[in-house]
Amino acid sequence: MATRAASEAICAGLLPEDCAIQSMPSVSPLKWHLAHTSWFFEQFLLVPRLPDYQVFHPLFEHLFNSYYYTKGQMHPRAERGLLSRPSMDEVLGYRAHVDAGIKALLSADHRGELIGLTELGIQHEQQHQELMFTDIKHVFSVNPLQPAYREASAGSTSRGPVEMFYREFPGGISELGAKGDGSRFCFDNETPRHRTLLRPFALANRLVTNSEYREFVNAGGYRDSALWLADGWTWLQQECIERPLYWSEDLQQEFTLHGPRSIDAKSPVSHVSFYEADAYARWAGARLPTEAEWEVAAKGVVDDSARPITLSPSSASPASGNLQQLFGTLWQWTQSAYSPYPGFKPLTGSLGEYNGKFMCNQMVCRGSSCVTTPGHSRTTYRNFFYPHERWQFFGVRLAKDVAG
Amino acid sequence: MATRAASEAICAGLLPEDCAIQSMPSVSPLKWHLAHTSWFFEQFLLVPRLPDYQVFHPLFEHLFNSYYYTKGQMHPRAERGLLSRPSMDEVLGYRAHVDAGIKALLSADHRGELIGLTELGIQHEQQHQELMFTDIKHVFSVNPLQPAYREASAGSTSRGPVEMFYREFPGGISELGAKGDGSRFCFDNETPRHRTLLRPFALANRLVTNSEYREFVNAGGYRDSALWLADGWTWLQQECIERPLYWSEDLQQEFTLHGPRSIDAKSPVSHVSFYEADAYARWAGARLPTEAEWEVAAKGVVDDSARPITLSPSSASPASGNLQQLFGTLWQWTQSAYSPYPGFKPLTGSLGEYNGKFMCNQMVCRGSSCVTTPGHSRTTYRNFFYPHERWQFFGVRLAKDVAG
Amino acid sequence: MATRAASEAICAGLLPEDCAIQSMPSVSPLKWHLAHTSWFFEQFLLVPRLPDYQVFHPLFEHLFNSYYYTKGQMHPRAERGLLSRPSMDEVLGYRAHVDAGIKALLSADHRGELIGLTELGIQHEQQHQELMFTDIKHVFSVNPLQPAYREASAGSTSRGPVEMFYREFPGGISELGAKGDGSRFCFDNETPRHRTLLRPFALANRLVTNSEYREFVNAGGYRDSALWLADGWTWLQQECIERPLYWSEDLQQEFTLHGPRSIDAKSPVSHVSFYEADAYARWAGARLPTEAEWEVAAKGVVDDSARPITLSPSSASPASGNLQQLFGTLWQWTQSAYSPYPGFKPLTGSLGEYNGKFMCNQMVCRGSSCVTTPGHSRTTYRNFFYPHERWQFFGVRLAKDVAG
Amino acid sequence: MATRAASEAICAGLLPEDCAIQSMPSVSPLKWHLAHTSWFFEQFLLVPRLPDYQVFHPLFEHLFNSYYYTKGQMHPRAERGLLSRPSMDEVLGYRAHVDAGIKALLSADHRGELIGLTELGIQHEQQHQELMFTDIKHVFSVNPLQPAYREASAGSTSRGPVEMFYREFPGGISELGAKGDGSRFCFDNETPRHRTLLRPFALANRLVTNSEYREFVNAGGYRDSALWLADGWTWLQQECIERPLYWSEDLQQEFTLHGPRSIDAKSPVSHVSFYEADAYARWAGARLPTEAEWEVAAKGVVDDSARPITLSPSSASPASGNLQQLFGTLWQWTQSAYSPYPGFKPLTGSLGEYNGKFMCNQMVCRGSSCVTTPGHSRTTYRNFFYPHERWQFFGVRLAKDVAG
């Protein structure tokens, strides 16, 4: 119920219109997120398990299905923003109806048989909470009025610059992935736990900063085809890409959830695509890490992911001599295509569509971001996006080969 | 002020979300209409004429310009639905601000020098009132929940069928168009008044009914290329057109401003494109009228356009032996391309963009519709749309040649 | 047979590859024109009329149908350039086969019953001869090697500049169109002959020259939205139009059937769209003529259309005090949308698709061009194209209103 | 010179028109391949190394650059089919000119310093030889006349069906990739040789046959979303995919380089995309191999790749108890995304664009095909294509996990 309430809290202070807009096909209206996460509980928990459960509205099965083809036809993704009804109020009513169903169901679940499915529903809703932040940011960004989601708190003290260095790892055989034995929650795509063989490698202690990235832009990085993957170069030319998504033309301002503000030189660069991350790394004489390297390196580091949501990524801490910004800052593009782990088996039934069917054409991101729900991240977590996407809180961590 | 209030009244009972949606590029959010009609008064009346007038918001000049290129850059038409802000409440505030300005301006206009511009602003707003009805109809139509704009009033008594007959006109030289001398309002595209030479012709007494049009559909009219203009046939195949815009697949139901309801056989068929109207006429062994024929025929008929808005087109009246449904029912496609009248001169300045620059690729519609603001129609009125458009209240009146 | 031979002569000196290329959907490979004109005779003359006629190849009915839907399915227009087979040699064999059939048929047509259809086939082939010139010009123009269709003949003596003046016409009632009584060939779209009422008007004695048009470009004509129709402005921006189709960026060179060469200041500007012609006229304080005005003015002028094909438009003659360049120079855009004449009836059967079904969205051009087959032009001829098209030999003649 | 002559021999018997057509953007005209492979030698060998070398034509550097951005601007790929010139004859002249240059250069290369670059030019031309076969197959396939590239030889004796079985491999640490030390030719993407850790796995002894794949189609495989990757399902629906590329609607005929012929049940299914291969494997209760598994399994098998080109894939041999059809039959889709090997370094200079910049969004194919130049294949060869592509000779080999 805390997770359910948190979703609604994200919309506090927004207008009904704000929650209805879809600014591009990848974005969903906030009200759709509120309804879809309820649909998930309704379809996978209440309808099959709660006797005499009445669905809230017969058409909602169709309207709020995201991509579960085996659950039937769905409203087209790109048309989610055409629906003024159900209104925000009706959607909140839907949520209350589903919450009541969940409570009834779980109070009768004396043997805890539904804990697994319920946990999946909670994790699913937490994933959508992050999308709600990234989607409202995009919605506001395309509006010439440039509204702020929240006013900035006064005086976040700026910390001094932190030098970048590489920490070396010896390689060899390591265990990757999650056990999936129920001892701790994980998604099916993190399994099975398996061994892999790595060469020696090194990872940067912190993320690439705005100031470093601005150097790349000023050096003509977006006009030098030799730095780019072929598909990235085509994308850049077709879309006239010249800088990170939310940067102003003069490279001085960026749009944030606090509205437009000066780019902070020491904060990590955000909202770059995989293509941009990869080109930057090549320009810097480095490369992106593989997801295996990232996971091995992250294992020994304390996950500070219980920190509160900050709405913008924080700069690195001068005090630390270790890897930092692994979690809670920005998702980090890896050079690994999103593929099944050896021996991967998706969940059975419609829930098998959750992760497995996307294992093509996407790249793995690791870590978590400043708008990831606290507690939602872990070292084995595999996030995945198309290489041209930018509206998520994406950042860049560099890696290098080490002579073995 | 009555006209200004009428625009807001159209939105009464709607939710803020309803007024923010753009369901296709031709449709504008209702809130945009409310703002744009205010922008028109602000830009053409208040800014140039009212001393010390403060614009409501510096960006609104950009956001609510529709197509006046000579007034500066404008927000792209297809992206009007991406703006959650300004909210409906802010737009109403904008309207109040502009209304106050108009009142101040006109109370000081002792010699009535601004009557012409004010009248233009009023007529402009009335045109947008009709668009508000057609746009909200489309917005609701694409929603699987199929909301009603207004509940239907009980018991509209159905009138008996009215036989179609053709009324003949002798042709010869007639005067067309409006004088444009200020004695009665007209748009620049209705001028200059000029003489034209017509052959004898005949016009149908009433519009084509749903039942007649359904026969055409059932007879395979949408599958017989010989009935269609080449561009119409291409359009029909690309868009998979098989029936009027709002008809259900079984040809029994149509979507209306009262929600879905049974198609009334005796009511006129509506929401057909020029291509469909033209193909139907060919199938029926007739043709569409020219705009000159329509105007000549309409001259002697009483304009009943002061009737209240009905939201759906009414069926013909059995009592009448004359031409009927000329006004207040459905716009009637003519076979005339929208071209300048001989000697046409557009208004000077930016207002010259109002009508003249659209005189290519569009077809003239005559009459008025069931959602035209009462008093807004006249025999010389020239409405114009692309031949594939259907979301306006379009209908079909047949014509024939008569041996001279 | 002279017409048939002339088509093949156009291809003399070209390579088989030249005759197979389709450089845009509006262009057809020359080999396709050679085959389609034969298909026309085969389908409308030989198959229905010549006993025991064997079609050359069973699939050619499908491959070389242009747009006669009622004759069956056809190969998609945009894919004509994907066909390496039939080869040029096979197509020439097809032509010989059809020619033999025509000879056999006509030698047995003792009562001349087939003269009408044969004449239509000849006129149809002459229309395609013009297209062959315009299409090969476009094919060569997109090739960076810029090949010449024919080497230029040495020393075309340049004539002095000819001042533009307007010749006035009184207006009143005139007869327009062709009788269509068989006394002289005409297309169905030129009928019926009918009366029209014109206001006094004036027509420019000659076409707009390259030098005059270059002034318009240099004056920023392509960047001033106030000069353009709305659809023209949209077209110009989407297609990045900045000058006539074949002009070089520096406005000094143009691509011709003789390859690239210096723009001749006194020659008429060519390969402009209706939108450009209309914008130029507005900039020049004039307008385009209506097709009725053009026809009335052309009536008293000697048609010099028996002149040989020149491949490029000639400049005006200083000697003349009359209207000139009506024929044999460039097609002249009118401001008239292509619509049916009052009382128009298309041919019966599939040949009714020849002209009538295109009477929407296109503009009428009058006159003829430097690549029109000699003898193919007349004052009542109605050519028609979409307003954005430029690859035909289009030019600009100005007109003006005259106080009545 | 044998390789150079082989390219020209592929065009023997074709018409000039056949060699000029581009049937889709991925296809290049055969004449373009002939010129581009010469451009490669000219740009990378002759221009930088042969004193006083005169380029054949100054524009060819632009026209026949494929994708080497660092070599300058290039003619757009999708417009290669718009060029009638240079003609086939001119291109052959270009080839002779380049051949003479190569001979002059190599005869003076006493110390063999240019062997590496020359070998790369030869391997590059061999790759294009395969594309010439696949491209002319596509060109002919879209022609309703369905021409044959070669007449089929009489009586290819059909061999009995071969049962499918899985051969198991123990996994563990293996060496992958090529040494790249110059001892044998390899592309940069095959390096560096490196160790990898595999779980036990099994590979099918032969490729999936037409008859097996037809069962999948008949069982509704193309209509069951649960079998497909998400992007594959989207692709299938948008492109209306219902069967392999060259199969007829009744699943009985396929288009081949010998023209249309009956589908041979025992031959391997060909011209399927990665999406289809992956869906088939899922339906069959198996999966596709990784590229590492394929390479490990292929190591001990005799490469029969010196066999002659057969134009169509041969069926499996009943005699064999080993893995077969690894080479010379069909490229085999793997489940591995095309990524850099650990420690990968592209070639320096423009040749670095050869392979490395494509390492995103593509899938690895292993083996070789019935139209691969004899001698061009090896176990470490990495071919790569987008997952939706079908016009290459692609086939399906199944794999399975084995309990470790």
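Per-chain numbering from 1; labels A, B, C and D assigned in written order.
Here is the rule we go by: a residue touches a chain if its C-beta (ideal position, glycine included) is under 8 Å from a C-beta of that chain, and two chains touch if they have at least 3 such contacts.
Owing to the predicted nature of the structure, the values given are computational and were not obtained by experimental measurement.
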- Note on the structure: For the copies chain A and chain B, the interface residues, called same if over half of the numbers are used by both and different if under half, are same
- Message: Taking the mean of the C-alpha atoms as each chain's centre, how many Å separate chain B from chain C?
- Response: 37
- With chain centres defined as C-alpha means, what is the inter-centre distance between chain A and chain B in Å? 47
- Note on the structure: Between chain B and chain D, the Cα-mean centres are separated in Å by 59
- Residue ranges of chain C touching at least 2 other chains are none
- Taking all chains into account, which pairs touch? A-B, A-D, B-C, C-D
- Complex contacts: residues of chain B adjacent to chain C: 67, 69-70, 173, 194-199, 225-226, 228-233, 274-275, 278, 290, 335-337, 339-340, 342-343, 352-353, 357-361, 363, 387, 401
- Query: Hey, which residues of chain A end up touching chain B in the complex?
  - Reply: 15-21, 23, 59, 62-63, 75, 79, 81-88, 139-140, 142-145, 147
